[in-house]
Amino acid sequence: MAEPVTVLEAIELTKRFGKNTVVDGVSLKFPEGRLHAILGPNGAGKTTLFNLLTKDYPVDGGEILLRGERVTRLRPHQISRRGVGRSYQITSVLRELTFFENVWLASYRADHAGAPGLWRDFRAHWATAEKTRQVLAELGLEPFTDRKAADVSYGDQRLLEIAVTLATRPEILLLDEPTSGLSQRESERVKQLILSIKGKFTIIMIEHKMNVVMDISDDVTVMNRGKVIASGSPAQISTDAAVRSAYFGL
Amino acid sequence: MLTLSSIDAYYGQSQALHGVSFDVAEGEILALLGRNGAGKTTTLRAIMGLNRVARGVVRFDGRVISGLPTHKIARAGVTLVPETRDAFSLLSVEENIRLGYRTGSPYTVERLLEMFPIIREFRLKKGGELSGGQQQLMVMARGLAMGPKLLLLDEPSQGLAPIMVNAVAEVLSALRRDRLTVILVEQNLRMALDVADRVVILEDGVAVDALSRAAALADPARVEKHLAVH
Amino acid sequence: MNKNLLALAAVVLLAVVAPMVIPISIANEIIVIAIFAMATNLVIGVAGLYSFGQAMFFGAGAYLTGYSLTAGGLSLVPSILIAIAGAAALAGIVGAVIIRRSGFYFMMLTFAFNQMAFYVVLVWSGVTGGEDGMAGIKRAPVGGLDLNDRSVFYAFCAVLFVASYVILRQIKKSPLGLVLEAAKENPRRMASLGYSVHGAQLAAFMISGAFAGLAGSLYVLLYRFVPIDSISWIMSGNVVFMVVIGGMSSMVGPIMGAAVFVWLQGLFSLLWAQWALLFGLFIIFVVFTLRGGLIELFKRVARIRRAGEAHHG
Amino acid sequence: VAPGFAWAQAAAGDLNIALLSQNSGNFATHGEVVFKGATIALEERGHTILGRKINLLRRDDEGKPAIGVRRLTELVETSQVKFFIGNASSAVGLAESEIAAREKIVQYAGGGSDEFTGARCNPYTFQWSASPYTASSTTLEYVRKAHPNAKRVYTLTVDYAFGHSLLKYTREAAPELGFELAGNDMHPLGERQYTQYFNKALAVKPDVILLLTAGSDFLAAVRQLSSYGLKKVIVAAPWAAELDELKELTPQMRAGLILGLNYHSSINTPVNKAFVAAAAKRYQMLPTYAMAYAYDTFRTIFLAMEKAKSVDSTAVARVMEGMQLDSVHGPTSIDARTHQTNRPYYVCLCKQPDAQKNDQDIADLVFQGDKPQPAALNQCSRT
Amino acid sequence: MNLVAAQIVNGLAIGMLYAVMALGLSIIKGLLNVPNFAHGALFAVGAYVCYTLSTIGAPFAVALIGAFSGAALLGFLIERFGIANLTGGSYLLQVLFLFGTALVIEQILVLIYGTTGVSLVPPAMLGGAMDLGFMFLPRYLVFCALVGAFSIVAVWLLIEKTRIGSSIRAGIERREMVQCLGIDIGTLLTLGFALGAGMAGLAGGIALPLLGANATSGNDMMAIAFVVLVLGGLGSLYGAVAAGILIGVAQSLTTLVAPSASTLLIYVIMTVVLLIGPKGLFGER
């Protein structure tokens, strides 16, 4: 079987805050169509790594290659337009907007490459509206269609966060703790959802819930103190001594 | 020590709690369980005075506290550690904790730094520079520094790596040894049942069940029924 | 849909009735300033960019029209078009420089640019007339219309006013409008969805500049004079306050704000030399009773009526 | 028409005249006093002219050209005003003069700018204030007379049209009187901080500091100059402030100041004496510039109406051109072409604190001159 | 050369006045996140209180304390009965409220004191100028600088070194949480606003002998103070002070080369600084 193509690659990525090096020379390859989990204790630098990959933070050292193209200097929206979508650990849905509007914005971006339209009422962009409803339905969020995001519980906001990210129809999906704050039932739903899209997208996921990680991921990388301490299949990782001491405290 | 009698609470026009009643005895750890949106956080906020209690009464230490402004409730000995990890991002970790400290609290800054070794390492960092998990521990420490008689903990293990969950669990056990009164909101059922004396279950803003730990352990289905799929 | 038509009908009705109940020059000033206020609402209300330099664009439109008509010797329509284009271009340049700054810094930068523009106009008196303003402006006829007739000129402005309302309202409801609303709340999230937030904001800034320029141009034609006040920061402050008093949630709010601001100040100043005291009290009253601005009056009436209907029906 | 705007609608046959002045803002003082002066002129003739009742409409222009133009336009539309007098601010007056010319409304202006009678002269605008040329030369003549040994003059000029024309005329007049211009600084309009200019001025050791600035800028400058406690330097200002505004300074601050003025209550003419008496009777106060301006301009307009036997603005303007009359200044004429009122300019010396008899007794009239603007310097293109 | 030194000394004194004004703004902006558009009116209130107390014979020091207290009291009322009831509303609503309040305060001053402004001659001890050899330095300017410096240090100690100070800084960020720690944030905010307002009043009092006072005389100062505030950087108290002095000196020095540009200059400096460093000279936010 041919080696899958690498779609996203980090080379010696480094990020410093003041004197602290938070991401320290991280090199990683993300092959197409696989689900890659990133584990690590709190403060390991996982979220920061995401922020570098999506250029939410400027990079202090190293390079990012997207399908072989150097994208280290691009701005966040340019990265997104090249097919990288992400969700945030700290929920960042637009609280003053409705569920529909939140998801609509993401769908519209996927449908529409140029500058946003100036004239027609956004609701009258029928095709986009239709897709928006589909995405809401897929996540069981139709009852919330016209609710303001601020008015629902944290858990439901987390689901919306994922809905928005999916609606951009990215090729590479970065999920930062998609199940945090969700009950078992909703966690399970999100897990099924991820399973159902697995293979169609390249997914990179930060996750603490071991059952989720072990059940669905293809590759696992473990970080600690800004460095990669182990990489491999879920089975390999769970027996790795370094991981066991740094992560599980065993 | 704390009694809620038929509490109604609202967000603007929409009602989040419908006649919730339960009580907590001194030195008891009560776990508040329920699905997302069940009203757990709202219950804690209502006790704290952050959400207006439209109907019903909250009594604490024999005194009615519903209707008091939040800072007075806090001074009466109730402390909330929110799920949103409200660190003061411009203050150093130590300043964060000191701001909570009230004279007479058994949890002195020195003692807290011992209880939370990881925080000691970041003492001089700004609160906002910590990772989510680190902030969670710091906010717990800050809450304890007030020397509360009643601690309201909202999902302390949320988003924590196993090693941190263990750290939180250890802190909870320490609190149990100290006989601190705690209301614990938790999604992590195992952890909740490890430390709680009693469980109250909320569903759609209504308290649907209350049972002791023994009962919960003996009949897990009774609890999970409310937490899992409809 | 119905609501849109209703609002449009109300705006048209206002434009028709106004000159019958108040002096036509006041009515005319109100609709001209209302264009300015609506343009400003696009940046402060919709996009959440607190610009305190809007008079820069109003003034640019005013001076460009004044200059084109006098020294430039152009006719009326080209002068207005030049004003619109010039103001939009100025907004583009200023915006490109400062749009990356946010919040209070943005506000102060717009204010600073406004001040600099003011001093340029003040010092460059050979062209602008400096402190004394620019005079000698004539309203040349347009396609057989004698604009020197007050009513004809009013009608001319009213048509542009209604057109501005329709365009700006559509923009507010368009995808761009929604992107701006969303970016106001969380620009980072919008970028991660692939929107160029600065691009959208710059577009809004330029559109707003263009309409402010149009308003400035009409203002000059109305009074056949370019006062230096037209580019002063006080004008910038006033238009922001008009928008807030009127209400930012729709484009009708700024129109009400402009009407009240222009009309009420005139009325109060007839009553008492200390009219500013009355005006200040009025502002405080609005702030405390109608948080969403004057437009809330309508919403409240509608709500009460709906409640009434529900009760009866 | 909404009630507010119908406030002073005329009955048919009444004559509506208007007074636009500043009732709010920095020089709001003028608004009240101007109104008093106008009232005296009206009461003098029982509020009637040629058998018609006169209505005086009063509006606040806030000292802003835009507002002045707006209020005047309203007045023209709603009240058919054909005569008005304006404010001390030239910018406002000049803006209004456009409307005066277009709508054929007689304007009798009182600002300082020489543009009213110069580049922007028109058939309907007249100027009551003296030419800045007259002001500069008269003030310097007095300094020369009172201080024969003074030589070096340092000027501080406000950086806009009015300051520029004062500076231009000072440069014309000073060398003829044997002064040496030792230096000049331009300060921006609205400057609040003057010590840095005085540091610079004092470094060249001038005999005279000549303040070619006006209004609140002038007051701030004098205030800060006084904080140096200088004894030997002469401070003069040809056209800076009227006595009303000087009340803003303490007597110590203004003591010894040499000030050019358009009017002083002690002018010894029959018309002025009667006016001063009327003001004392009606308002228990000594008239100052603002009051005299309103009184004298309206009085002149009424005289012209009587002479023209008409209240038609064009006819009245025709009569005013070249008109000879006895005014508060004594025998006075109005230039037929430029519309400049040919009248004297006055120089006052501010009193020492202990010499003041009451709070209106601020300065003594010490000199007057009436050197007109040389024709070569006038830019009026009317013939 | 001597002239340069003279202008620097002059600029330092004036800059201190700007700094006092801007520090007040900075405290209010930081705490309540509202740009205090009534700061100019409070400046005028301070000046008039100082004037009134002086004319009835109070010593100048007492008049200055009065200027601070009068404006602080007014600030207290504005916060307690105004701003405090507007939280949760839009930011611009609060700005509009302050604008309306400023109009009302100004007009009330006009009603009380009339439209003609007032002046005050400083006490004899502070009058006249010192001959430094290379310049005459008005004694009053020295006094200005000293009082300015003193009040700045006092306020700084209060904010940085006390528990009240860190409560204030925490409250800026998370109101609810600070309340959960048993701190009465409402009172803290009111006191903070009063403190900032008091600084404006104090500046008005100090400036009275230099600038005189009328109802609107604070507005020019307010514009400069806002420029100083952002130039220094939001959230930085040092910034406000340093930028105040910087602006004072820069304005003073431009008089030597291009005096008409001095008003324009401060906006140019501010724009350039903000375009290079988005957070001003020392900004944290």
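Note that the chains take the letters A, B, C, D and E in the order they are written out, and that residue 1 is the start of every chain.
The working rule: a residue touches a chain if its C-beta (ideal position, glycine included) is under 8 Å from a C-beta of that chain, and two chains touch if they have at least 3 such contacts.
Values in this document were obtained by computation on a predicted structure and should not be read as measured data.
Chains making contact with chain B as well as with chain C: A, E. Between A-B and D-E, more C-beta contact pairs join the chains of D-E. Compared with chain E, the chain whose C-alpha mean position is the greatest distance off is A.
Of all chains, the one whose CA centroid is most distant from that of chain B is D.
Annotation: 32 Å between the Cα-based centres of chain C and chain E. Note on chain placement: the centre of chain C and the centre of chain D lie 37 Å apart, centres being C-alpha means. Centres computed as Cα averages put chain A at a distance of 74 Å from chain D.
Chain centres here are Cα means. That of chain A falls 42 Å from that of chain C.
Multi-chain contact residues of chain C (touching two or more other chains) are listed as 119, 123, 274, 276.
In chain E, 110, 260, 263-264 are the positions where the chain touches two or more neighbouring chains simultaneously. With touch defined as above, residues shared between interfaces to two or more other chains in chain D number as follows: 28, 32, 159, 188.
Under the touch rule stated earlier, the contacting chain pairs are A-B, A-C, B-E, C-D, C-E, D-E. Contact residues of chain E toward chain B in the complex are 163, 166-167, 169-170, 172-174, 176-186, 235, 284.
Residue ranges on chain C touching chain A, taken from their complex, read 170-171, 173-179, 181-182, 185-186, 188-197, 199-200, 203.
Every residue of chain C that touches chain E in the complex is listed here, in rising order: 44, 50, 97-98, 100-101, 104-105, 107-109, 111-113, 115-116, 119, 123, 233, 237, 240-241, 244-245, 248, 274, 276-277, 279-284, 287-288, 291. Taken in their complex, chain E has these residues touching chain C: 29, 35, 82, 85-86, 89-93, 95-97, 99-104, 106-108, 110-111, 223, 226-227, 229-230, 234, 260, 263-264, 267-268, 270-271, 274-275, 278-280.
Within the complex formed with chain E, the chain B residues making contact are 48, 50, 69-71, 74-75, 79-80, 82, 86, 88-91, 95-96, 98-100, 102, 142, 146.
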